[in-house]
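You will see two complexes here that share chain A, one where it goes with chain B and one where it goes with chain C.
And then the complex of A and B:
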């Protein structure tokens, strides 16, 4: 399978993977529903919706926003991870490992407990600000911009900041909320409660973030040559880092406010993309987006199946695959 | 002399904290209430004897043992970033305990420490197999943290697929002393036997610190010492974890503070670290209980808020 994909030209890979994504999205529309829905009903709900048909209503009101949000969140997180890996030239970089997820979660928890009147827009902005603070802290403490063999230090700084933010988030939530289950689910990252109202703020941010990310691909390629070469080729390092960081924060903020902190997508997917196409970020970024979407949609299907009819957060499923991969990466990439 | 006065000061601070732990909470007691509260006739007897006294004792026992095991691990691996929770031992022990609770809910709780011990030992073994003895400080820490992440996500998964007991389990896993009583105190008491053994090994740990070659030429068997000390540390960590869940960063921070206070001689360092650990956990639990009563935060959250910045600072300084 993998070698077959590797041999395809880039466009073929995109088409094959998109096809896979469509199949999983279609499966996600009708499988594991309490009221039985058939695959053809799922298709007819999309082409000729009938408001009186209960299966159509379930698909259009519950399943479709869920699939769309799962896919978009996956694409956002995966692309954010790819940008971070390109920017820091650190194979272990990703929003969850470097503490951006935890910081954004802390920002959101702060706003939703202390100042809930700010609404959805306020929480998204808070997520971005929280992520920005942790991201800059990790970068300063891990001395990342100096590059080189400091992979481990950067990750440890991220882990410590994550732990700090997670503790603060939990403290805040326990002081203000009564139900631990909802909090746990949200912290693990779930799209089970996704509705059209979550989709409204997500898609403009995701669209902007993803399309801007595809534009910085060529610059990331230059950065990968090393700082000196990049500078001599006319790359304005400060500006590029600034723009890329802002992009990462927008992508992560959008994803988190829609689905909670889904970990490891940003770590796992860029490496698979790199295995398929090589080091060219112009190709890595689109493939990463498609595969990130596929992974989260698939995880969402599995999360419904695993203790049907109850739901498990999709993030918990991805963590079960992601954590061993993280160990493998640590083993092979740190000295 | 300096050491002695510092230790005395530390003891005083700890005694004050014990008093505060006994008197503050959902109901605040005056000093006189507190003194009379130890008589069975007092109206506060139940509060003090059944809630606050066992909890305070437990905070001291767990804090001291966590700090001691952190000091032992840092002593023999010669790695300033190491501690049972950074190396994934705490989370391994926690995973084993959660597995037991979810798979065999009817088993007596007295099996918990032993299950946790097996889990902790296994986690230590896995880390050893992955890293060997020649890894750099940062690589060991990062592998340990990656393993801890894995155990943590398995625990999350188990708890999320069985949501009925999640409230309780969540409190247990974030390292809380809430709802612990005399039962837990008696469960942890037998493990105190490891403390004198650790003191007995203090002199050898000093020699190990000099480096493998020097220690060997001075007649210390490095593998045996290392194995014995690590086994003691894992045992104590597992006992603590099975009582109140992994309390993060305590085993990392306490040894460093103690070392700054009294220096690196383990005969003095070990008792001092125990005092520091007790003080820290008493303080963390006090703050966690009194910040917004009657809601209680897990003490583990407080230690993480204190400890994570300290870890960052250490990381910044480690070459």
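And then the complex of A and C:
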């Protein structure tokens, strides 16, 4: 299937993958429900909703926001990973490896334990601020702002800062035990509790972040040529770094406050997109968005199926696929 | 003079590498920057290419401070071939060369007929047309160097700044490169290149600039610059100067 997709022109790839996304989304609307729902009911709920029909109510109130949030979160995280890889020219860069997830998690845990009255908006802002702090720290420690090209150093900085944030987050949970379950679920990364109220703050940020991200594609292509050549071709490096960082933080902040710390999407998906389309970020970014959405929607379906009727966090399913892929990638880069 | 430096000092962190240099780049010539390792020739070239900001003094483009001019304007006037380039994966030779057109193509990078003509032309000039559809990462070091040179040429600038362009090239490609530089020079380009081979510089360049410890020791035509005293002073070499039997330019033979 991979080689079939590779042979397709770019637009064909987009259409084929979008079709796949729609199929998974449709499955996600009706499968693994305690009250049996049919595939046709899933469609009729969307086209002619009937508030007295219990299946329609489940689909519209629970399943639809869940699948929309899963897809959007997947797209945001994957695109954030692609931008980070382009910006640092580091194949291991992603929100989870470079500490943005851990920082956002810490910010989130701090607000939801110390100041829970701040609500959904407060935790989103805390996630963005936490992510911003760790991202800047990692980039400074990894010398990536000054044109340093020490890939190992950047990843080391990310791992160290992530560990520090994780320790602080755990301490926070222990100190404020009454909020612990919510934070733990959130840390595992899950869309099981996704409701329309989570969709409201997510979609405007995601819409803005994703559409702006597609516009930095051509510049990421030039960065890929090395800093000196990029500058010689007229790229304003400082400005580009600033814009890309802000975009990453918006995308990660939006995704994490809606679904928690889903790791590996940002690392995994850009590499699959690259394998399909080559090194052109004008194509990588849209493909990454579609595939990121597909991956998280699929993982969410699987997370319900594994020990039905219990739920496994979708983040755990992705880590299960992501971790071996990560090891494979590190091995193939070093050999 | 289009490009000049005024009391220019450049370096990294606190370490000053180029010290108080005043230099006018003669227009329409092939200029070689020579000197021992660590003398500051690459650093000077990078600051002429606006990659490095001065610690003090300035680089001027006509009467303006180079570092205050718009990035896209400069990208159409000064092109730099850095000493080392990354080896990008998943990029074909033609696509890499096409990136050289990005100062002209507008935001999304769509190529028009003129862009495509120039890309084709520079690939012919650098003899990489047969490699056009190969991956850059699969080429040899010398081939890759020519691909990067082609990208720099696609920028179509009146000034071309090259940092040791002959590195990784075999002798015949080195000679071809120097002939290509002359051809480009006759089309009106000013070319500033860092070179290691003094005899190559004396044979193919019009104007030599010799640096030592961050300062310019001497500059001028190969005949006036290439002397026993200079070689002794700058490179600590005892050498004899002869006339190249074919090109009639000076050449040195180390004792």
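By our rule, the second predicted complex is superposed on the first by the 322 of 335 C-alpha atoms of A that agree within 3 Å, B and C clash if a C-alpha of one lies under 4 Å from a C-alpha of the other, contacts with A are read in each partner's own complex, and residues count from 1 in each chain.
We take it that a contact is a pair of C-beta atoms (placed from the backbone, for glycine too) under 8 Å apart; a residue touches a chain by one contact, two chains touch by 3 or more.
Please read these numbers as outputs of a predicted model, since none were measured by experiment.
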item: Which of chain B and chain C A:282 touches, first, second, both or neither; value: second
item: More chain A residues in contact [chain B versus chain C]; value: B
item: Contacts of A:122 with chain B and chain C, given as first, second, both or neither; value: neither
item: First, second, both or neither for A:274, with chain B first and chain C second; value: second
item: Partner chain in contact with A:232 - chain B first, chain C second, else both or neither; value: second
item: Touched partner set for A:224, first chain B, second chain C, both or neither; value: second
item: Chain B versus chain C as contact partner of A:201, first or second or both or neither; value: neither
item: Partner chain in contact with A:89 - chain B first, chain C second, else both or neither; value: second
item: Interface residues of chain A shared between complexes with chain B and chain C; value: none
item: Of all residues in chain B, those that touch chain A in their complex; value: 81, 130, 136, 138-139, 141-143, 145-147, 149-150, 152-154, 156-157, 159-161, 163, 166-167, 170-171, 174, 248-249, 291-292, 295, 297-298, 300-302, 304-305, 308-309, 311-312, 315-316
item: Partner chain B, residues of chain A touching it in the complex; value: 141, 152-153, 155-157, 159-161, 163-164, 166-168, 170-171, 174-175, 180-181, 184-185, 188, 263, 306-307, 310, 312-313, 316-317, 319-320, 322-324, 326-327, 330-331, 334-335
item: Complex interface listing, chain C residues touching chain A; value: 46, 49-51, 71-72, 74-76, 78-80, 82, 85-86, 88-92, 95-96, 99-100, 102-103, 107-109, 148, 151-152, 155
item: For the chain A and chain C complex, residues of the former touching the latter; value: 89, 215, 218, 221-222, 224-226, 228-229, 231-236, 274, 278-280, 282
